[in-house]
Every structure is written in structure tokens, then in C-alpha cells.
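Right, one structure below, let's go through it.
Letters A, B, C and D mark the chains as written, and numbering starts fresh at 1 in each.
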Amino acid sequence: MLSLSDLRSENRPDADNWKDKVYQIIFEADTPAGKFFDICLIFCILASVTVVMLCSVNSINAEYHTILWSLEWFFTLLFTVEYILRMICVRNKMKYATSFFGIIDLLAVIPTYLTIFLPGGQYLMVIRILRLLRIFRVLKLVQYLQEVDLLMRAMKDSSRKIIVFFFAVINLVILLGSVMYVIEGDGNGFTSIPTSIYWAIITLTTVGYGDIVPITPMGKAVASIIMILGYSIIALPTGIVTHSIIKITEDDKEKEIEVREETHEVVLNIGCPECGFAGHDIDARYCKFCGTELKPINFED
Amino acid sequence: MLSLSDLRSENRPDADNWKDKVYQIIFEADTPAGKFFDICLIFCILASVTVVMLCSVNSINAEYHTILWSLEWFFTLLFTVEYILRMICVRNKMKYATSFFGIIDLLAVIPTYLTIFLPGGQYLMVIRILRLLRIFRVLKLVQYLQEVDLLMRAMKDSSRKIIVFFFAVINLVILLGSVMYVIEGDGNGFTSIPTSIYWAIITLTTVGYGDIVPITPMGKAVASIIMILGYSIIALPTGIVTHSIIKITEDDKEKEIEVREETHEVVLNIGCPECGFAGHDIDARYCKFCGTELKPINFED
Amino acid sequence: MLSLSDLRSENRPDADNWKDKVYQIIFEADTPAGKFFDICLIFCILASVTVVMLCSVNSINAEYHTILWSLEWFFTLLFTVEYILRMICVRNKMKYATSFFGIIDLLAVIPTYLTIFLPGGQYLMVIRILRLLRIFRVLKLVQYLQEVDLLMRAMKDSSRKIIVFFFAVINLVILLGSVMYVIEGDGNGFTSIPTSIYWAIITLTTVGYGDIVPITPMGKAVASIIMILGYSIIALPTGIVTHSIIKITEDDKEKEIEVREETHEVVLNIGCPECGFAGHDIDARYCKFCGTELKPINFED
Amino acid sequence: MLSLSDLRSENRPDADNWKDKVYQIIFEADTPAGKFFDICLIFCILASVTVVMLCSVNSINAEYHTILWSLEWFFTLLFTVEYILRMICVRNKMKYATSFFGIIDLLAVIPTYLTIFLPGGQYLMVIRILRLLRIFRVLKLVQYLQEVDLLMRAMKDSSRKIIVFFFAVINLVILLGSVMYVIEGDGNGFTSIPTSIYWAIITLTTVGYGDIVPITPMGKAVASIIMILGYSIIALPTGIVTHSIIKITEDDKEKEIEVREETHEVVLNIGCPECGFAGHDIDARYCKFCGTELKPINFED
């Protein structure tokens, strides 16, 4: 069997270019350098998010403000360098900049620079937390892509049914909330229809905070019905998703057998040279985001 | 392939009558005018329900009372005109007036007129919220009818088992509630058997408000058992519904193959000319509510 | 097709005996008189349980004490007469008296008589509520026996796995509760290990009363883990039961086809003449409680 | 069919050695003495854990301190003797001492001895509770191993998907918690991002303590979305596990048929003579922990 590095040199004649080398390290995970970069990136993202979190705890922020702020700037500069490198080595720069991860990569660094000019760091803090999403781009490292794919497809397959279910639930809580508003009234915490709807959601989803509770016997009776209803209708989304997972897995098994019989050709699961997306399906021939052909490698040769 | 408008002119020779034109716009969704009407209707229903909700919030009602009340009367007059038009263009007026949506359409306008003569608008408010249900009649617009149908059939298929489950749950909460009444007694919030049953429902459904909680060690032990019980028996309705969804989908697949082999004739999914119901099954030959024959259209011609 | 009454006269030559007539009315539901009796019994049981519940509400008991107490004695005397009649007309009296429903029938009347001699009616109240269980004997009336049977078999089939799950859950809450006792300590409501276990059950089952909540950051972290754990492991019993329901239904379908091919003989689903149990399986040849042969009736004759 | 004792004498020529006899009693459950030992052990473990629990209840500890402490020392000495016996009779002592149960067995006795030298019994109490885990080693007695095995395999089979789900949930609560921190702010209980994340977990898992609740209308709206989200996404792990259980059971059925056709040889399910692990798979030929060959017994001889 051929090693990955052999295949690469064969299929990418321009791999000695320094931009392509950086590209391989930053966007792909199948070279030792690429893997090491990804592990460092995960560590930096987690550390950086932890710093943002600790900043929000008053007692910790008061004591370690300087250290936390230094770390914040350290990570921001690091991510800035990374963003610039990504920009340089990607062929289609516009596609990257406007892609989901391109925007997330930018949002990871912007807020810290803005704090120099703007007060109200609290609102910027949430944007800084968004850098957590960058961890999903490193997901290609861990070999969990197949599971993610299955769950995504199960959710997509069942999404229309789930939407219908949601639509029914929303109507239900509006109607039941309104009924409770009339039954309980202003004095017992059900101050308005929106508040009553909020209570109905708390009850139907079996969250049950207890900040608003029915007081009148009639209200308790209606609440009991909502609770038992909520306890039962949860069966619907569960049934929908379970069915989807079973269906998809069975379809996959059949397709897999067909594919095995038909072809011996396997596409190497490398990052797209145009937009940088890694994690294509095993049978993908074109990048599903920018349409660039992924060079198939026939191991039979 | 024939377009919908071609088919219509062919099958409804009296379509140039103005009543039939209004009928097509109001009751059906397959002409541009009908689609536009439905979208306007959805917007009006949602806006109108929002107005009712905002009316119930004291602070908002105090400030914007005149605007809200004007909007309320605007929507009421709009819905009144719509109701009258529906009444005029439907062939069987009695059937429409006594149908589910006929009553809902009427209830959408009555309460506002009643507020002129009657005080106690709070109780009328809930009836006004019922106009939300009118949104279900426009569901035919969005192509989610198949999903609704599947969920309805899954619920119907599993309804008998769910009723048995409910019956057992109700018996369980009555018995466990009574036991807790004796264990905890009047002093710890378990003031009567109905209150204790209410607590048992809160606990079994895992809602857990926390307004009534066991105090004695014995009570806590029984509460623990109820919680673990409630946590486990939720598996039953879920299992029932999951099984129903799997069964129905499999049956459908088999039936679909049979139908495809047997017939090439397709019934156009238009509203019933008698009672106005749209959203018949693809293989329906008669309106399932009033029995009027739905003219089948053979695309083979 | 033969009517039920024809079959009965044919198979029970001693049906003209008055005891057997009473037996048919009380224990069976397939004669008009038997059906009427069952409906009356359901009404009496529900009314009687409602009376017990209302007695426990202080405000209602204070005002309507005499009426409620008269009704209580009325139902007690009624159930006493019914119990005596059941005793007389059942052939094997000992078997009935020691059967589940025999004991429940007795417990339905004893407590009211005891209140004459004994104070502390509160404890007897719970026993009086037990008469609710008698409603299960009338379940044969409504045609839900098949659904009950399926759910019972699903629970039986999955019981061993559910027990293993429970065993793991109990061990989990004991360990996690103990850990939280050490983390949070006496001052934050976690006063002892049993209390901490009680809290762990509340949290793991997602009930979440909020009477005991973690205060320390470490405690909150552990609580978060328990919550996510509880949120996830609920999938296990659900999966077990869903699998059982699917398996049982499939097995039934196969068995049904086999039975149809093998035999044309059907056993009439009547009450057992020995112990009075009704609701035998369609293919039962002997009463599953006392072993008395149920006379099979061949419709082919 | 050969009885177990016959087989044993045949296969273990050195069974008259006293160490081997002790080994059979302590590590195996298929002799009367072994069964009796296991039942005693279960009783001692449960009694000992109960003593630890009662020690933590202040009121009980104050009154019965001497009795509880005596019992604690009694069980500790008992477990010490047991540990020494296990050490003596196991062939590979190092393997036992470093095995999971070897460590648990040691941890069951150490803490009580430490309390002589060290204060702070509260922390040692949790370690003493760990002896509860020893009950899992006696699980081989009850014939539930097959169910445990199925659940373990279902969890293993679905673990990768569940990890992906967890990863998504953790990201979700971090993002939603941060958003709520900005919306609600310090004054309404959302004092820091970690606290807000803790609240998001409480809400998403539908636990709903009610110790922190949103106050602002915007916060309530976001909370409603989280609740409905949490109510729905629980369908994913449930679907995953249900699918795994169905798949595993079907695979087992197929494998079982194959095994039956292929072979008549059965391996006796006895404890491994090296490391003492009992509960091997029916088709195991080597101990899965230390690799010692388990002597197969051909019933055909």
C-alpha cells in the first residue's frame, strides 16, 4: 500500500512551493506537520475560550486581570497571524473570506482589536466566544466524520417532520398559555399572555423552573394535562429521528455493497485545493462547496 | 406535462363565474392569486394574534392602547369580509358553517364585536387567540402535508396503546399521590389528595416545579421511586410511537410500489368544490368530509 | 355466524341456575346485563374514589362532611353486597378470596367499617383509594385487552435489561451523591449522604425540584455532568423498550400467519368458571390462573 | 449431561489443593460454597455501605456512633481477611493487585485504617462508598450477564455517535450560555459566563432547578428556544441507542444460527485460573484480560 506522502508528491507536482506547504500544514491533517498544527490549534482555541470565560468571573478578573488580558492579546495575535497565512496560501481568496469558517476565523480576532476603540466589552465577549466554533474545522483530525455525517443526514431526513412537530408545539403552547392566562390571571404570576406562553413552554418541555406555578385548582388541573401531554408528545420527535437513523443506516449498507461491487477506485480524502474544505465523502469526486475536481487516485495502479 | 391552469379550465367549465373565481382564490392554493391570498392570510393571522398578545401585556397596553385597538378592529373587519366571501362562494353553505374551520373562522371575528356589549374582555381574549388555528387551513400552501399525514397516522395507529399507557399513568399518580398524602401530611404542603396527585404528576413527568417537595425521609424515598419510575416509563410511549412510524413508513413503501404498478391515473390535489377542504390524499377519489367526487385527471390522455 | 348467547346455552347446560346467571352478570361482559353491570361498576368506583379525594380537601370536607360521609357509606354497602354476591356465585371460593382482585374487592370495603372502631382515618383513606384498582377488572369491557397485552409483554421482555439499567442507575446515584456530599458539604443543603443521593436522583432523572442546589463551582461542575449524563442515559431504557415492541409485533405477525394456516378452531373469550378471570388469550385452552379447561368452540360445526 | 462438579474434577487435577478450593469459593460461583460466599459478600457490601451512609446523617451518628463505628471496623476486618485470601489463592498476584477489582478491593479497606492516623473522615467516606462497586464482581451470580453484555455493546456501538452529540451539546451550551450572559447580565443571577453555561445545561437537559431564571423578555425568549431545543435533540441519543440495540440483537441472532450450525463444542463458563475473572463469553477460548487458555469441554465425548 502506498503511504500518503508518496501519493501527495505524485499528485501535486507544485508541492515544493512554500505556499502549498503552508496550505498542507494549515488546511490538511494528513501530514505530521498538519496534525501537529491542528493539535496546537485545538489547544489554543480551548485556552483562548477559557480565558474569555474567566474574564467574565468578577472575582477572578479582579485578581488576574493583567495575566488574562495578556493571554487574550497573545491568542488574538496568534489567530491574526494564522488568518493572514490562511489568506495567503488559499488559491481562491474571496471564496475563503466569505465561507463560514472564513468569517468565523475573522470574528475570532476582530473583537479584541475593537476593545481598543470601543467600550462595552461585554457584548464583544460573546463574539470572542464564537471562536469556539473554529474547533469544528479541526474535527477532520479526529476520525469522527462518518458519525457527524450520519447524524447530520438523520437530522436532515427528519427535519420536515420535526418542523411540523415544532409548528404544532408552538401553536399548542400559545393556545394553552392563553387559556392559563384567563384561568390564573394577573395575580398568580401569569401577568400577560407572553408570560403564560413562556410558562407553558417551561411546563410542556418538562423543564419546570418553578418561578411561575399555577395556584388555582383549575389552573393546576390544566397544568397537569400540559405536563402529561409534554411527557407523551416527546415520543414523536424521538420516533421520527430513530426511524431516520435506522433508515439511513440500512440504505448505507445497501449502497456500500453496490459501491464495493462496482468500483475499486478510491478518492483520497484530502482538502480541496480551492476553498480549503477537508472532510469530503469517500466517494466524492468534486468539492461539494466550490466544485473543484478532487483528483481520484486508483490504488490498482 | 400539463400545467395546473390548463387542467382547471378543462375540468371546471363554470370557472368563469365570479363566485368560482373567488372560491379558487380563497379555498385553493394552486393559482398565483390563491397563493398570494394565503400568504396575506398567514401574515394577517400572525399579526392579529401578536396584537392580542401585546394587548395582554399591561405596560404595552397602557402606552399603545389606541394603536392596538385600531389594529384589532382592522383585522376583525378584514376577517369578517373574508368570512362573508367564503360563505358566498361555497356551494354547500351549511356544511361550511358547521365544519371545524367554519366555526373557527366565525370565532375569529365574534369576540371583538361582543366587547362592545360585554365587559370582561379577558375571557374573550382567549377566543380571539383561537384564530391562530386558522393558520392550519393555510398549511396546504407549504408542501408539508405528507409529513403531517405521517405524524397523524402514527398518532392514530398508536393511540389505543397510548390511551392504555395514560390510563395506567393516571391510576399510578392517584395511588402514589394518595400514599404521599398519608406519608407527608398536611403540614408539608401535601394539603389534600388532589394536591398530592398534582405533585405526583409534576414528579412523574419529571417537570419538578419545586413548589411542593417532600420533607420527611420516607417521603423523599417514595419521591425517589416515583422519579426513577417516571424516568423509565417514558420509554413506553416513545417505543410505541417509534414502532408506529417505522411500521407506517414500511407499509407506505410497499403500497407505493403496488400503486405504481397498478395505475397511471392521478387525482389532482385540489380543494373540494362542496365543503372547501383542500389536502386530500393523492389516491382520494371522494372528499373525505362531504363525499363529493373529486374529478380524476388521467395524464395518459 | 353463531351469536354469543347461542353458544353459551350450548356449552353451559347449567346456565339456568341463578348462581350461574349472577356469575355471568358479575364476572363476564358479553351479555347485555353483564355489560350494564360493568358500566355501573365503573361509575360507582370512580364516584367512590372522587368522594374519598374530596374528603381529603379540608375546605370541602368542612362544608359537605355529612353528604360525603353518606355517599361513602352508600358505596361501601354497595361494594359489600357485590363482594358477597361474587363470593356466592364463584365455584372455587378460596381461589377467588386469595386472588389479586379478591383481595382488592375486600380491601375496598373493610376500611370504612374499621373507621367505626378506629381513629386515624387518614391511613385508612389510602386503602380506600385502592378500590381504584378494581377498575382494571372491568378493563375487559373496553376492547383494549390486546394493547394491554402488548405493553405487558414488551415490559416483560425488556424487564431483565431494565433491571440491569436500574441497578447501574442506583449505583451511579449513590456514588455521585456521595461525591457531592464531600464537595458541597453540610452548609449548602447536602446535609448527609442519603440527602445527597436524593439530590442526585432529582438531577439525574431531570426532575430538578430546586430545593437542594449546588453552590460551589466544583459542585456545579459535577451537577452539570450528572445532568448531561441523565439526559443521555434515558436513551437506554427507551431503546430497550422500542426494540421489545418492534420484536414482539413482528413475532406476533409471524405467529398469526402460522396459526391461521394451522387451525380454524377459536376459543370463546369468556370468563373462567372456576376463578372468574376473564380476558384469556385467543389461543388459550386452559385458564392461566387456575388451569380449568376453557371449552373450545369450533365454528366449523 | 455432566454435572459441573464432575467436569471440574476432570479438568482441574490439582483441585484438592486448599488454595484452589479457596479460589473456587471466592472467585467462582458455580459450587454451593461459592454461591453461599457470594450471597454473604453481597449482604456484607450492602450492610457496610448502609453503615457509611448512616454515619453521614448527623442525628443518627450522634446517637448510634459506637454501634456504627464497631460495625464499620467489623466489615473492614472482614474485607481485609477476604483481600488477603484473594491474594493468597490467585496464581498471578501482580495481575490481580493491579486489576480494576483488585484496586477496588484494596480501597474498600484502606480508608478505615487511615482514619486512625488522619482526620477529615469526610473525604475518606467517599472512598469507603466505593466498595459498592465490589457488588459488580458478584454480578456473575445472578444470570443477568447477557443483558449487561447487550447494553455494554449497545453503548460501545453508539459511543462514537454519542461523543459527537456530546461535543455538539457542549458547544451549544457554551454559546447559548454566553449569549444569555450578555442578555440578562450580572443583576439577574447570570453573574458570569460559566454560571450562564451552568444555567444553559440546566435548561437544555430539562432539569430546570429554578435557582437561576431569566427575567428580561429577551432572556425568556432565548430560554424558550433552548427549552424546545433541549426537548427535541434528546431524540438524537435515543435514536442512536435504539438503532444500536436493534442492530446488535439482529447480528446476534444471525451469528447464533451460524454458531449452532458450525460447532457443538461449548466452553465452560468458569473463572480464569490466572486473574480470577469470571463471566467470559460463551464462545471465549482465552481469558480476555490475561490471555490464559480456558479449557474447552466437548460435551460430545
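Here, contacts are C-beta pairs under 8 Å (C-beta built on N, C-alpha and C of every residue); 3 or more make two chains touch, one makes a residue touch a chain.
Small disclaimer: the values here were computed from a predicted structure and weren't measured.
Asks: Copies chain A, chain D: same or different interface, half of numbers shared as the threshold?
Replies: Both copies touch with mostly different residues.
Asks: Once chain B is fitted to chain C on CA atoms, what angle does the rotation have, in steps of 5 degrees?
Replies: An angle of 90 degrees brings one copy onto the other.
Asks: Between chain A and chain D, what distance separates the C-alpha centroids? Give it in angstrom.
Replies: Going by mean C-alpha positions, chain A sits 33 Å from chain D.
Asks: State, to the nearest whole Å, the distance from the C-alpha centre of chain B to the C-alpha centre of chain D.
Replies: Going by mean C-alpha positions, chain B sits 47 Å from chain D.
Asks: Multi-chain contacts in chain C: which residues touch at least two other chains?
Replies: Touching at least two other chains: 165, 194, 197, 206-210, 230, 234, 238, 240, 242-243, 246.
Asks: So in the complex, which bits of chain D are touching chain A?
Replies: On the chain D side, the touching residues are 160-161, 163-165, 171, 174-175, 178-179, 181-182, 185-186, 191-194, 197, 203, 206-210, 213, 217, 220, 223-224, 227-228, 230-232, 234-236, 238-240, 242-243, 246-247.
Asks: Across the complex, what residues on chain A touch chain C?
Replies: Those in contact with chain C are residues 206-210, 238, 242.
Asks: Can you list the residues on chain A that touch chain D in the complex?
Replies: 49, 52-53, 56-58, 122-123, 125-126, 129-130, 132-133, 135-136, 144, 147-148, 150-151, 154-155, 162, 165-166, 169, 194-195, 197-198, 201-202, 204-211, 230, 234, 237-238, 240-246, 249
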